[in-house]
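Multiple structures follow.
In what follows, chain A forms one complex with chain B and a second complex with chain C.
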Partner chain A sequence: MAIESKETKRIDVHHITRVEGHGNIVVDVQEGVLKQCDLQIVEAPRFFEAMLRGQPYEQASPLSSRICGICAVTHATTSLRATEKALGVEPSEQTTLLRKLNLHGEMLDSHILHIYMLVAPDLLGAGSVIPLARKSPEVVMRALRMKKVAGDLCAVICGRHTHPIAMAVGGFNHFPTSEELSKLLERLEAMRTDLDATVDLFQNLQMPDFERETEYIALSKEDEYSFLDGVITSSDGGSWPVEQYRQVANEHMVVHSTAKHTRHQRPSYMVGALARFKLNYEQLQPKARIAAETLGLDPLSTNPYMNTIAQLVETVHCTEEAILIVTQLLERGIKQEEPVSPVRSSGEGVGACEAPRGTLYHHYVIDDGLITDANCIIPTAQNLANIEADMRALVSQRIHCPPDEITFALEMLVRAYDPCISCSTHILNVRFVL
Partner chain B sequence: MTSLSKPKIAFFDFAGCEGCQLTVIDALQTDIDLLNVVEIVQFREAMSEKGDDYTIAFIEGSYTRFSDKERLIAIRDQAEIVIALGACAHLSGINAIRNLQSTAEVRRYVYGDHAEHFDVSLAKPISAVIHVDAFIPGCPIDRQEFVRAVKALLQGNLPDIPDYPVCVECKLKENSCLFWYGKTCQGPITRAGCGALCPSLGTGCVGCRGLIPSPNISSFKQLMSEHGTSEAGIEAKLKLFMTHEILKSEASGDGN
Partner chain C sequence: MTKKGKLALYWAASCGGCEIAVLGIDDKILKVAEAFDIVFWPCVMDGKVRSIEKMEDKSIDLCLFNGAIRTSEQEYMARLLRQKSKVLVAFGSCAHEGCIPGLGNVASREEIFQTAYHDTPSTDNPEGIRPQPETEVDEGILYLPIFYDTVKTLDQCVEVEYYLPGCPPEPERIWDAIVAILEGKLPAPGSVIGAETTVCDECPRKREEKRIKEFKRTWEIIPDPEICLLEQGLVCCGIATRAGCGALCPTVGSPCIGCYGPNEGVEDFGARMMTALASVIDSEDPEEIDRIIREGIPDPIGTFYRFSLAASQLRRTALTTGGEDQAAASA
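And then the complex of A and B:
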């Protein structure tokens, strides 16, 4: 795109706030030409794959949940799935239901945190959630109320949301009582009022106007809006079993980031709520589709800022799904099952789940009960190249705007992806021995 | 809403998962009044406003890079009270697991040809770099314990953290001992204060709150061995959260 202005601008945002982890934005426009537009990831590298090497397989899940305080349940679950596939463990139907319910709890917790505490202040003209609590206490109290239901859901299933306790290879070490589930059901049903109020609030808030079409990737299943397992699906066409994740997520290093970038058929792709919404729209709960319509989100949207709105739609969906699963569990009655034991002590497996921010993969090689190789591919790492492509397009479009305005739009853009920078700097193993 | 007596507090994060900061945010679900008794001047994960006139600093995460030192010293110079928030800051937590391999090997494994590109030191608790006045243990911190710690600070005291083992709290809850069920648990040598949360959910304590003062590690290893855990298995369990403490006690010769 030709830029006619001869302006020179430099934008430097050191440690973007209201995101998880440490990132900087650097934009350099010289004589009207965009020279540099980076999202620098400066989070301390954490080396999880190296830490996983040599661990007994039972310790992989509690260790890898520590990759992220916000999506701890998804990391723990994905890790268990990788181990279970490696060691030939087939979890029971009850285990699968409890895990799905738990993932819904995490999705609610994380999305509500992002929608209300991190994004809403931008749209409501407050610097952060703390002045917002003074300005509009009812908004913040509503967020805290819903977040508590989500956190308590995870506590009922696995002890706590950060970091889950009762989850094990092949099942659970602890089970909710029917009394706990009945109480949870009541609270989830009561939460619909707060969700309606949230949809009303966001219906009247204006997201920045910006479109950039890209490739969207998510896990899909025919019969449900997939969070646990599924096949990798692309908006450019094609689907792959999760074992072929490397064909989709080609990781590569860039020098300004301690997190690796990924690319598929194009230079970048997007994962997360908007990608899931676009690819799995048909599987959404009817109430969630109504919410999407009310909020002006349709499956053809290519505005990355709408990712927050897609999260809100998913919040409605996950509440409805959670209500269905709890009802089903109450009808079935909870059985005190022992976790299913592995049928072998060596093997290789890939686990995949949809974390709040997109598709998460864990890949382990286990030899005689010990992990010998590990690879984790994190949603935010997959989104980084796409965020930068959006940043470049946005700056090119708004090159005549004052730097403050561009900075605000860029920060909001990065925040819309809800990046989880601690996660993405887990850093990956380049030399994967197969 | 501001008053002179409200202490100004700030939250900082180093290498970690930010789960302890998240637990602080979650504490508002039950204790929204926290916002009326302290003034938060810096909390990057949750707010954009930034003040540097804090008197109490809560630090989450481990020291993992040489460049962290300068930032830690600046926080120490400003704050009257520095508190290590959670296992990564308190014990170096799981970050210290990589200290068991050479830093060069860890970097090569993860970054390959770009291994030299990034600044990496051994992972350490923040007390290895600056003086720390108090700690709130756990991975993550316990929400109620955090609220109790803030109450203590408001009264001019440092938080009172238990120095007895998790077994004490587990017995008070009348739980059956997991060792009887063929499971293992690090409760006997791990600092209490969590309400024995993991054993109460049928899951052995993983030691996230660190060792009690003067633990009998050799006796604990014998107990684990008698219950069928291999020597390598015992090491892996002990070193999930306690690598830094175990290496330190082995180096000083009082570990076994």
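And then the complex of A and C:
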């Protein structure tokens, strides 16, 4: 896809590596003026919305988990919440606790993967995690150790690490034993040492200097740092029940792109760890707030590169929350509950969760037990317009730097958003300047 | 090995779960990095398509390719990596048999675009804008990959030496396959690397005689934890599915949905499942049999071809609009 160019400066990266999916960057600078700066997504659209039509409702969760193998638990859970709301199912307190714990496991797994395997090589001057393993084996071994705890947590709660199998509409098909939970608790507590070492490591690493204020959107609750349910909240003010997601996530088509772009009041907004951190700072576990302070992240930050640091703060938070939930489950004792049955077989519902990369919505219409309409709004699709706005601001600031430096800064910027391009079923956005 | 082999990993139309499963082999991934020069793995490492294009043919020793083929760009990557690789493995259910993305074959490109770009409630598209493979603008021409009507498996595009099944393949099986490859202990080309038995053979549940008066939907019963799920009326696909996962789903009370694909010797997963279910229905009356199937299995394609539609003998539903692999959209 490279194009010969007589222009002063042209950067064409095919593909951006160390992101989940396929994306290209095109920058075109002519005589010192930025003409074009785009993030092209060439990922295959798979169009799950069309596929879900006609499926029995109990299949929506296992099918839609295949939207993404990295945030499969969040997709499966959000799907269940949409179905439950459509069919009038109110899950038990135990189900909610197990689901939150499961989401924490996936958040840890995904964040650790991103922080260590995809971002750390940039900051530690290694091309990728494989040379990093030769250079600093203890760093990579620590990452793999923590990742294993997170993956095993998911396997204990939902039966398998990637693509959950024990979750159902209204509850669970399978429950962890108290031995499994006790073992998990020990391992989560032991993980604090590795987390401290991670905070120490990142405390001494310098993120690129770049600020651009934008609108930040996340789910919020009064009494907890919200991952499961909540109300949609904006840094520009205002909050909406998840049923009104269309007030916020307005998808629109543009002529040159198969990407559906999303906007609220401004041309773009940001979702993900930094948005959650900014909006829900007060609800963070105390240890996570201390980590934020150590890492130099405060709720006023508008540097998108700090999204990775916000992920690290959330990693501390989720570990502490997971410890609290496991302790609570052990105290309560696990009950072999039957899933709550639907009270009707037709209805409409919206589920929303915070996926590792931001707010995820599933919206289903169910008629006589079969899905007749489905809509999924994916975090990376919501971030796409904001990533491009950041890229343009960044290139404008650094327009006199050598192309290699700009390329590196841009790839790092895209990576900081941890874009899950495989998730965003239909963001294809290609603009070429000839 | 005196000289390190070259390894490439790639993904096409997939969810990323296969990459997570590869990382799921934990610290053994470092042994893989010791045994091979990893020349291409865009998810995890730097390395661009251009550098692969410049390599000599057959200079990559092993390529693990996951994901189905939905667009012209993915077909290009499949052909490129085929040309450059000695051994090409269809890795995971999408590359092997189309998996969930292959269920897109129940609709045409036109129907899919209509749903995604027009009908979904949050999409605001009054002018009916559709993505175009080529669009002229002031600055030049914009290109998009061509979106095919039909999802293809990897071996429907290029020749494949081996298949590694599963959605995703279990990390233990991935490691087994890597060891087999390193030790040169591989089956005949064209084989699936894996077990030759079924999920039933790995399942801890008790099996007796299967006689079924009605199929139950999963929410209709709380299954007995000890007894075969199919005997309890749940459509469990273990009977037709290749072993390898350790019967994870039935072990946690969920019926097998067939992600490991058909077991050895079975050509068409759905046909095998339908034969198996037909033999357990406890009725001689055609009308009653019809009712049992209609009420218990509301979505036959999703039930019998959830992972294998693209690889099945049917491959897709009849196309009423558009032509196979023509230039995308518009019309």
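Operating definition for what follows: the second predicted complex is superposed on the first by the 412 of 434 C-alpha atoms of A that agree within 3 Å, B and C clash if a C-alpha of one lies under 4 Å from a C-alpha of the other, contacts with A are read in each partner's own complex, and residues count from 1 in each chain.
The rule is simple: a contact is a pair of C-beta atoms (placed from the backbone, for glycine too) under 8 Å apart; a residue touches a chain by one contact, two chains touch by 3 or more.
Computed from a predicted structure; not experimentally measured.
Taken together in the superposed arrangement on chain A, chain B and chain C clash. In the superposition on chain A, contact of A:324 is made with neither chain B nor chain C. Of the two partner chains placed by superposition, A:33 touches none, neither chain B nor chain C. Touching more residues of chain A than its counterpart among chain B and chain C is C. In the superposition on chain A, contact is made by A:342 with chain C only, not with chain B. Of the two partner chains, chain B and chain C are each touched by A:159.
Once chain A of one complex is fitted onto chain A of the other, the partner contacts of A:231 are absent, as it touches neither chain B nor chain C. Of the two partner chains placed by superposition, chain B and chain C are both touched by A:67.
By the touch criterion defined above, A:363 lies against chain C but remains apart from chain B after alignment on the C-alpha atoms of chain A.
Once both structures are placed on chain A, chain A residues 15, 17-22, 44-47, 49-51, 53-56, 59, 62-63, 66-70, 72, 113, 117-118, 127-130, 133, 141, 144, 147-148, 151, 159-160, 162-163, 165-166, 168, 173-174, 253, 255, 258, 422-423, 428, 430-431 are touched by chain B and, in the other complex, by chain C.
Contacts from chain B toward chain A in the complex involve residues 1, 13-23, 25-26, 28-30, 32, 35, 40, 44-50, 61, 64-65, 68, 93-95, 97-98, 101, 105-107, 109-114, 117-118, 120, 139-140, 197-198, 201-203, 206, 232-233, 236-237, 240.
Residues 1-2, 13-15, 17-22, 35-36, 42, 44-51, 53-56, 58-59, 62-63, 66-70, 72, 113, 117-118, 127-130, 133, 137, 140-141, 144, 147-148, 151, 159-163, 165-166, 168-170, 173-174, 245-246, 249-258, 260, 338-339, 341-342, 363, 369-370, 373-375, 377, 420, 422-423, 425-426, 428, 430-434 of chain A are the ones that touch chain C when the two sit in their complex.
Residues of chain C that touch chain A in their complex: 11-21, 23-24, 26-27, 29-30, 33, 38, 42-50, 67-68, 70-71, 73-74, 99-101, 103-104, 106-107, 111-112, 115-117, 119-125, 127, 129, 131, 135, 137, 139-145, 147, 167-168, 217-219, 222, 248-249, 251-254, 257, 259, 298-299, 302, 306. Those residues of chain A lying in contact with chain B across their complex are 15, 17-22, 43-47, 49-51, 53-56, 59, 62-63, 66-70, 72, 113, 117-118, 121, 127-131, 133-134, 141, 144-145, 147-148, 151, 158-160, 162-163, 165-166, 168, 173-174, 253, 255, 258, 422-423, 427-431.
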